[in-house]
Amino acid sequence: MKIRISVSLACAAVAYAASALAAPPSGKTIAQQGNGKGAPGCISCHGDKGQGNAGAGYPYLAGQPKAYLVHQLKAFADQTRKSPVMQPFASALSAEEMDAVAEYFAALPLPKTGGKAGTADAVGKRLATQGKWSVGMPACFQCHGDRGQGVAPNFPAISGQSEDYLKKQLEHWRKGERSNDPIGLMQSVVGHLEESEIAAVSRYLATLSPAKAP
Amino acid sequence: MDIRFLFLFTLVVFATGNAARAEPAQPAGEAAQAVTTPIPVKAFQPPSEDTIPDDEFGKMVRLGKNIFTHTDKYAAKYVGNDQKCVNCHLDAGRLAHSAPLWAAWVRYPAYRKKNKMVNTMQERIQGCFRYSMNGTPPPADGETIKALMSYAYWLAEGAPTGVKLPGQGYPKLDKPKLEPDYERGAKIFAQNCALCHGADGEGVRQGDEQVFPPLWGEHAFNWGAGMHRINTAAAFIRANMPLGKGGSLSVQQAWDVAYFINSHERPQDPRFEGDLKATKEAFHNHQCRYGDKVGKTVLGQSSQ
Amino acid sequence: MDIRFLFLFTLVVFATGNAARAEPAQPAGEAAQAVTTPIPVKAFQPPSEDTIPDDEFGKMVRLGKNIFTHTDKYAAKYVGNDQKCVNCHLDAGRLAHSAPLWAAWVRYPAYRKKNKMVNTMQERIQGCFRYSMNGTPPPADGETIKALMSYAYWLAEGAPTGVKLPGQGYPKLDKPKLEPDYERGAKIFAQNCALCHGADGEGVRQGDEQVFPPLWGEHAFNWGAGMHRINTAAAFIRANMPLGKGGSLSVQQAWDVAYFINSHERPQDPRFEGDLKATKEAFHNHQCRYGDKVGKTVLGQSSQ
Amino acid sequence: MKIRISVSLACAAVAYAASALAAPPSGKTIAQQGNGKGAPGCISCHGDKGQGNAGAGYPYLAGQPKAYLVHQLKAFADQTRKSPVMQPFASALSAEEMDAVAEYFAALPLPKTGGKAGTADAVGKRLATQGKWSVGMPACFQCHGDRGQGVAPNFPAISGQSEDYLKKQLEHWRKGERSNDPIGLMQSVVGHLEESEIAAVSRYLATLSPAKAP
């Protein structure tokens, strides 16, 4: 049993390696099956349409700006964005593969997540739509699009993203576990927020759909 | 009495004339880090957005706010570029040190050197459309002006008439130690500004939405806008840019990048009547590059 | 901060709702004597005339003051009768309880039931020309409006924006004990008003100068002016008339004489479009006599 | 000597009485010669052109509104305006004579008195041109004409009037020695003035010429 599996795996690996020599795997292939070099198919965690898995705190990738996705993969690899899970996978991707898989997800439509009308959090809404200018913090939507749908090339969609994921990211900015933000913008912004505000804005953003106006 | 002055924290040290203030060295090639500590500034606090009344007046205030924040949608026919009111007046015109509306409201009518006459608030607003938005001034008695006036008035609730309030306009900047420089400015721009405004200052559009305004070129503010003046732009930048990191550029950096940005071609001064030199002499006796040669271009020469 | 609230003495008791206040008996056939004692009212103090600055802005303020006090000379083409701004706004627009300009300045833009829309200050001023001065509204962006706005703004120096100040408008009057009466009003008029306004309400001209304004007839305010409303006129009269003896008429006398004055023909409501009844229904749902029959005349019928 | 004079006076009186029976003396006659019944010629004190005598504190009459002059003569007679000097003279005039002499003076041009430029008193000027509205007092010029030249029929000219005369009148209003003002207006107005203000406004008005703008 053990031997047979090993053999079949080895065969698959050889076959894959052979095809890789001919042409690098497409973004779609990497997304669905991985690159065969240690990076598993992204969809196993991020959903078959890249829609994420809110329950598990896995973010959606579909419709995110390509440059943003590439930047994140590089950041996982060089650990300017610390993630024990993503670090080895990202490190297993070549620059070319990063580019291809990012392009694949960027081309998918933004998921129809969120959109739980009536759950608006007043504090969270104010932070997202107006900011907290008394301490110099712009609204989230000022850079991430007027409904949090992202602004290519550098600003990801944040509406309808997993609440858990959003909260963790904001906390990571604050603790310096994520430091791959251009000009240190996110670190600066988060520095002005209290913990309760981080929770509120994450909660609020999670209720929105990036695909339609709030 | 309903005058509310609260101690707010702003991110800007605007200790003009404080030449002794340290200018920290910047690691070359790295983004500027915050160099200032927030200091308390006694600033007027406009009323909360939630308190706009639910009546006819409130409707007009809300329309004003919409025009102000989405000028391209709510006052499209008066806008000739990709600029909105809120681009120069952050936080929907509420933010101290970003030419807040509440501070402006209580200071008009006033004489302005720019046009050598007393200007009413409506004329001041018309000027923004003519220059900063490179468009057509809305009629003095039309709804656009009325709504913007109503919004400004509402924001100024409790502010004392005729009084120069802390936080008005942009905080005047110290002179730079070195003459502002194009090359240094270009580097600062690439490191701090291009992220949002684009490598060529072209801004970012998304669908029909202007997300980040262009800083030069045919869709930017024109050669008559206040922001084409290097001192004005430097003051605005130093206090407010990069967005969310106001005060992080040094005084020298703010001057350099303002010089760089305003050394590019942009739409013609609407007061231009065919003669660049005459226009420069009549209207550009200030710190600006209109009429200067930059590379092979004489700025203002080939303006739209 | 430059907000100056001083305790001023005004001549008016405007204790609305104080029904217990004694109405002194008036000896028949004698002029009313002062019935009130000055009470302290916390009123805003506009800046002294002497402090108008000696610059371009000051010039505009002075022009505004001249228009305000000599409207017939400085804004002749917009005036259609023998009325001036200062006739309703005593002491050059400075006087509390006489619709002072400083109190008005900080309250516009505002929704007005009169025209069912938000009005800017300029529109409010235009209304005065259209109705009280039975003329043509000066253009919103012209010098007349600009000067009047500058003057009002200057008078309001230090006044808090959006705040209803003590002394604004005319003090609201208690209801009269008796229904206002023409005959009683006629007597009060003859005793107290005719001295200046003439036995037939015709006012006094001297050369080309209007000294005392006419109160009815073709040279008076028209059927759209605020003063044609009996309650408004009564409030103004009670607080301010006879000139120099404000507060000397009783509440009942003020109502009676206001009723009498406004029971005379005057220039047509400019909103009239040919149908008296329709005009009355659309615009006169208040205390006025437009459309009423007085003697053989239906008021508004034969208006100029 | 004494007799001759008496005779000639008697003759004159007889002649005058005879002519009076035929027609009442003209306003001009009364002004210049008196009415022969106890009222001397007005001009002996008020000047040959009715221009007054500022030094002696006698007011000018020339150019004053006729109704105002008649009203004063009646007031002297009925003592609502107290004047030991004028009382017997005014009492000696018939209503017809009062009317005639008032008409005569009203028709004369306002005198070219006052006009001492540069002597403007700030307090006096303010009272005359702006009033003292903090206590409800209108400007003098609001009722007496925009340069104090009087407003017919009820408001006399006050500019260029004798300083002494003006001051005395204002004091008389205050003390109630003069109470012939319509609706008690002047009494009310003066009640708001301090003594120094009365002096100042009298001084200021005396410097002006009623015949031309200040």
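Letters are used for the chains, namely A, B, C and D, taken in the order the chains are written, and counting of residues starts over at 1 for each.
Criterion: a contact is a pair of C-beta atoms (placed from the backbone, for glycine too) under 8 Å apart; a residue touches a chain by one contact, two chains touch by 3 or more.
Here the structure is a predicted model, which is why all the values come from computation and not from measurement.
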{"item": "Shared chain contacts [chain B and chain C, defined touch]", "value": "none"}
{"item": "Chain A and chain B: spacing of chain centres that average the CA atoms, whole Å", "value": "34"}
{"item": "Whole-Å gap separating chain B and chain D, where each centre is the average of the chain's CA atoms", "value": "68"}
{"item": "Distance from the mean Cα position of chain D to that of chain A, given in whole angstrom", "value": "98"}
{"item": "Graph class of chain-chain contacts, one of line, ring, star, complete, other", "value": "line"}
{"item": "Touching pairs - complete list by chain label", "value": "A-B, B-C, C-D"}
{"item": "Chain B to chain A touching residues, read off their complex", "value": "8-11, 31-34, 38, 49, 90-92, 94-95, 191-192, 195-196, 204, 206, 209, 211-212, 242-248"}
{"item": "Sites on chain D touched by chain C in the complex", "value": "130-131, 133-138, 142-143, 145-146, 151-152, 154, 182-185, 188-189"}
{"item": "Chain C - residues contacting chain B, complex", "value": "1-3, 55-57, 60, 105-106, 108-111, 116-118, 120, 122-123, 139-141, 145-146, 149-150, 153-154, 156-163"}
